[in-house]
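Both complexes below contain chain A, partnered by chain B and then by chain C.
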Partner chain A sequence: MSAHDIENHGRGGGRKTRARDWKRGAFVFLCVLPAFLFLAVFLYYPIEETFRISTTKSLGLGPEIYIGLENYRRLLASQEFLAGLLHVFTWAFWSVVIQLPLAFAVAFLLSYYSNRFTGPLKSIFYLANVLPSAITAMLGKFVFAPNYGMIASFAKHIGWKWLGGVDFLGDPRLAFWAVFAVATWAYTGFPIIYLMARIEQMPKELREAAELDGASPWRYARSIVLPDLGYPLRILAVLCTVGSLKLFDLPNMMTTGGPGYATETLGIMLYRRGFIDWDYGLAAAIGVVIFLLSLLMTAAELSIGARREKIA
Partner chain B sequence: MKKRSIFALVALILGILSASSAFAQKVTLTVWGRDIPDDGADHAYIKALISGFQAKYPDIRLEYIALGDPGLMDKTKITMGAGSGLPDIFQTWGGSVMGGYADAGRLLDLTRELKNVPGSAAARAAMTWKGRIYGVAPFFAVAGVFVNEGIFEKYGLSMPKTVEGFGPLCDTLLAKGIQPFACGEKDKWPGLALYMYLTNRYGGDASARAASRKLAYDSPAFVKAAQLYQSWIKKGYFGATPLGEGYGDAQQLMATGKAAMHITGSWMCAQYANPDFTDQKIGFYAFPGLAQGGVGTVSDVMGMTDIGFAATAAAASKKDAVVKFLTYAMSPEACAAEPGRICSVPGVKARNPITAQAAAVFAQAKTVTFWWDQDLPPSVTSPLTDTIQKFFLPDTDVRKDLASFEALCVQNIGPVK
Partner chain C sequence: MSAFRTRHGASEIAATAILAVLALVVILPLVMPLLFAFKTQLEFSYHPWALPKRLLVINFVEAWKAVRIDQGLANTLIVSLGAIVCTLPPAALAGYVFARYRSRATEIAFYAILVGYFVPAQMVLVPLYKMEVAVRLNNTLYGLFLPMAAFGIPFWMMIYRSFFKSLPGELAEAARIDGAGHSATFFRVMLPLARPATVLALILVFIGAWSDYLLSLILLSDQRLFTMQLRVASFLNAYGTDRMPRYAAAAIISAAPTVILYIVGHRWIIRGTLAGAVKE
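Then we have the complex of A and B:
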């Protein structure tokens, strides 16, 4: 075979490879296209539109007027927005600090002391998570309502007048925590199940070895189980934080963001400004703030976790 | 035989074609409403309207879609904004919200067709925007004082003739262990009714002047009304936990005789007259005037459309059918089914004593001020109810909060001219 032949053969082979690559590329492109189109229409385009509308004075009817960053300036000057911002951050912080340790404790105990009673307990803990928010809010109102609420009735029954007179949902100092308590009950079910799934996948030999070495359940949880749950806990922390930023249903149904702005959230403000006050520009600006904060918090939490893992 | 088969086939095809063309000619009206037309007492009118209209006009197909609350308002707003997918007719309270749709060209001007349909002047005004009529309001609600007459009789009390008279009355009720007023301010909007009245009594048409930017919302009438309101709250006239109770709770307080008065809209007449809901004897009274220094009088009434319908531009080609529906909505035949609302149609009698009392308050009204949150531009309505809810917080400086609301109005409606 002469060099010329080899060159020709090489050329033909290259052409064939290129054609094959092109076909493969086209196939991949066609496979990805429906998903990309779906995302473009239902995710990227709405995001772009939200950014655009946030720079306009838009009432939904009539023309949109470009006003630059005026809506953002209005937000920063708004007492309601600042209250909402503070509440979602407070909510996110306490969700991570209270809900995740609580979920870990319950998940560990249910797994460690697994017996015929823990099965139904799992369902009971998860039940609140599958209830529609409207039902959860109604139950929350029923628990905390003054006069006829569960706490008020119980307090009256045992003669604790001081407790019966506490207005959990109407007192601005207590309303946030009353709603948060309901949310903790409702939202802790998912992390419990999620962490249990991971704990139950851990090799049994680890526990046996720990027990042989005389490790107490607490020591086993702290030194073996918890380090293994770093990644799931990080994911849950991200979900808690992003969920807090988007928070709407429970506080809206339990207190409408009140009394005053005591339980106001960015989600409630967005809904009210957009759908009640028709101020779509301002509502879009709130949407942009929620989007950017979610992005920022997710990136920060994941990168901090990844760095810690790398160091470890 | 073959010829006969062909003839039969042709006849069959012609029959199907003629039937389908007749079907195609049948006009379809799409109506968006709030309530399901079921057997509930408060849905009696909508049920009678739909079944009665279909029976009377079999050539018009009616597609009634119940969207609930706030589903109806949310969906209507979004569809009006998009300008497509509009129904032919939608339920509305009229006022500035409907006016916004009219300004955007989304509504059907029916001034010529509806101007002679009999109805109260207030109801017609609510469905009129910039001199053009866009719909009808068969039922109109006025705000007033629901009074537990049983409690009043038991303790020898009577409805005060002046605003100042509420003070001693409420003190007596408190001393007897009864909450003077039920409100439900957790839901933010229920506290507006009393504030509208107090502002009117101090400043007459202050709210109308403020809305048209001839007066500021932190001017003396608004501040005095807020200060009086707050002093009543601080004295416990609204109970120990006014912000922990929603509108439903307020109804329960009245229904169980734990509260003596409820200042709200006459839409509650049916419920307070219903023996399945309450065993208390409840009456409806006009809100009194001030003894001294007042401008507004007892005959100045706050009110709003209770049930109204307007037509959209999408129904332009079906104007006849639309007018038939709206006219039928205002007919005594349909309205007679309603057990508790004040009917705008002459000749329809109230079906219970409380509604009759409310209708009398409405009939004696010299001026009707529309509910502020329906009459003001939507951009300031939720800040308005937020502001009023803050009156209930112990440390609120009402003057400061009204000044904040005024600043927002300057931004959204314009400065005082």
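Then we have the complex of A and C:
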């Protein structure tokens, strides 16, 4: 509270003070109003509507008929939904297990050996993160396309027939991993620069002391840097998990969820059921599931991390 | 590498080499199309990895016609500017009030807006679309950047709030003593001081709107209004990778604006992303 506030609230009464209070209230109101209007129209009202529509049978322009939890029952009975749900969890798991350690290693090396190459290298690592997902998908297909793609044509060039004939995006066993590889390529840049910023905030004395004690870079990374990154790593894990719930752009453009349901995600199912089949009720139910799961995962991961920190 | 003096000897050289190889992997998919795009289909199928015999531009002409990135660029620019104009002022005003005028009421309002940060856009797609159809806002560029702004306001409100909190309170008081009212204090003293936050918001809101795919996909159906990313996506659907040289040319054309933007502004972009992420 500033001195001005105290002056206003400290002494009640007085016409001057009341006029000032009124002005202050009007200013506060007018400042918050625009943000509120935007959110009311495009967020609060649609959130309420999503819950409501999810309990109705609502096809295209047809009327909305209340059917209770029928849409949710349909979801649980649908193979597509279960495939999407499974991919959310496998995607979240592998992105935490693969992308975060990779990002930590790169971030640590970049900041530990900072020389005149590491600055440009850092910029290159972040480049793929800035590309719009449509372009990432385009480049992903360029790399993994059958016959003429970058990998296939290189394999043929050096005479590796077994690799040249692989259809990464068309083979149900490989499609998920091909999309995952493209996502790793595109999205690891952010954890790298984020962890780097955190590492560079650490006091220099820690490193000097470690070097005086003869600690190797590996030992320094493991025993001093890593324990200090508990909070940022937790945030990144939450981002990975919530990101996998919302996963849509890359698999939709690279494989449209296929072949079969090999790269199906909740986002793709929402889009197809809602905006290709015009089954609004079912799509809204998927929206509710995405929302609830993201709240649940955020809360769970933050609280687990917090508890561990208390013990340590 | 005689000019390369190391502080850590062999381990530093090894680490830098590993990082350089990784960086090569990162830029390879962006550089390789250059090798493919200038060839005819025939030349490509026999010598995909050789240097092109001559620089053929026909693939670029065809790809350009298919993607029409110029029309897309114009639409994308309008959407990005619209998103900036609709995101920044509401976020700055609300953030300022939440930082400087704390009371029970503003606290409640703060949390009400903060909630928006945790709502995935996908959750509200169905009602958003129905609503826009009802008021004929779908298939307009307004209909695209208005909800974009609404989804961005909570985050930028938080950034502005923590920024205004970090400014010394004496400045506002000095303006007060000089007789400035609430709004004059904000516009003439505080807002100019928040310029770093505003620059970050400008850059990142622009990039966000520039990259959008999901919202445009659902809200736009008129081909003429298609944003850049929608054009790239429909090229992906309509033209296969079988004619790889043309595909590679399209990839170069599509990626070029963003890559150029990044080369010019990468310091700002990285700094902005970090400032947004490290706060709170």
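Note that in this section the second predicted complex is superposed on the first by the 269 of 312 C-alpha atoms of A that agree within 3 Å, B and C clash if a C-alpha of one lies under 4 Å from a C-alpha of the other, contacts with A are read in each partner's own complex, and residues count from 1 in each chain.
In this text, a contact is a pair of C-beta atoms (placed from the backbone, for glycine too) under 8 Å apart; a residue touches a chain by one contact, two chains touch by 3 or more.
For clarity, every value in this text was computed on a predicted model and none was experimentally measured.
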Combined model on chain A where chain B meets chain C, clash or fit: clash
Partner chain(s) touched by A:H157 [first = chain B, second = chain C, both, neither]: second
Partner chain(s) touched by A:V130 [first = chain B, second = chain C, both, neither]: second
Broader residue contact with chain A after superposition on the shared chain, chain B or chain C: C
First (chain B), second (chain C), both or neither touched by A:W278: first
Partner chain in contact with A:S294 - chain B first, chain C second, else both or neither: second
First, second, both or neither for A:T255, with chain B first and chain C second: first
Touching partner for A:N147 - first (chain B), second (chain C), both, neither: both
Touched partner set for A:G230, first chain B, second chain C, both or neither: neither
Chain B region in steric overlap with chain C, selected from 5-13, 41-49, 77-85 or 311-319: 77-85
Residues of chain A at both interfaces, chain B in one complex, chain C in the other: 141, 145-148, 275, 280
For the chain A and chain C complex, residues of the former touching the latter: 1-5, 23-24, 27-28, 30-32, 34-36, 38-39, 41-43, 45-47, 49-50, 53, 106, 109-110, 112-113, 115, 117-118, 121-128, 130-135, 137-143, 145-150, 153-154, 156-157, 185, 189-190, 193-194, 197-198, 217, 242, 245-246, 248-249, 253, 266-267, 270-271, 274-275, 280, 283-284, 287-288, 290-291, 294-295, 298
Parts of chain C lying in touch with chain A, wherever the complex brings them together: 4, 6-8, 11-12, 15-16, 18-20, 22-23, 25-30, 32-33, 44-45, 48-49, 86, 89-91, 93-94, 96-97, 100-103, 105-106, 109, 112-113, 116, 118-131, 146-147, 149-151, 153-154, 157, 169, 172-173, 176, 181-183, 186, 207, 210-214, 217-218, 228-230, 232-233, 235-236, 241-242, 244, 247-248, 250-251, 254-255, 258-259, 261-262, 266-267, 269-270, 273-274, 277-278
Chain A partner contacts - residues on chain B that touch it in the complex: 70, 74, 77-78, 80-81, 100-101, 103-104, 106, 186-188, 240-246, 249, 252, 258, 378-383, 386, 389-390, 392-393, 396, 404, 411
Contacting residues of chain A [partner chain B, same complex]: 59-62, 74, 79-80, 141, 144-148, 165, 167-172, 255-256, 258-261, 272-273, 275-280
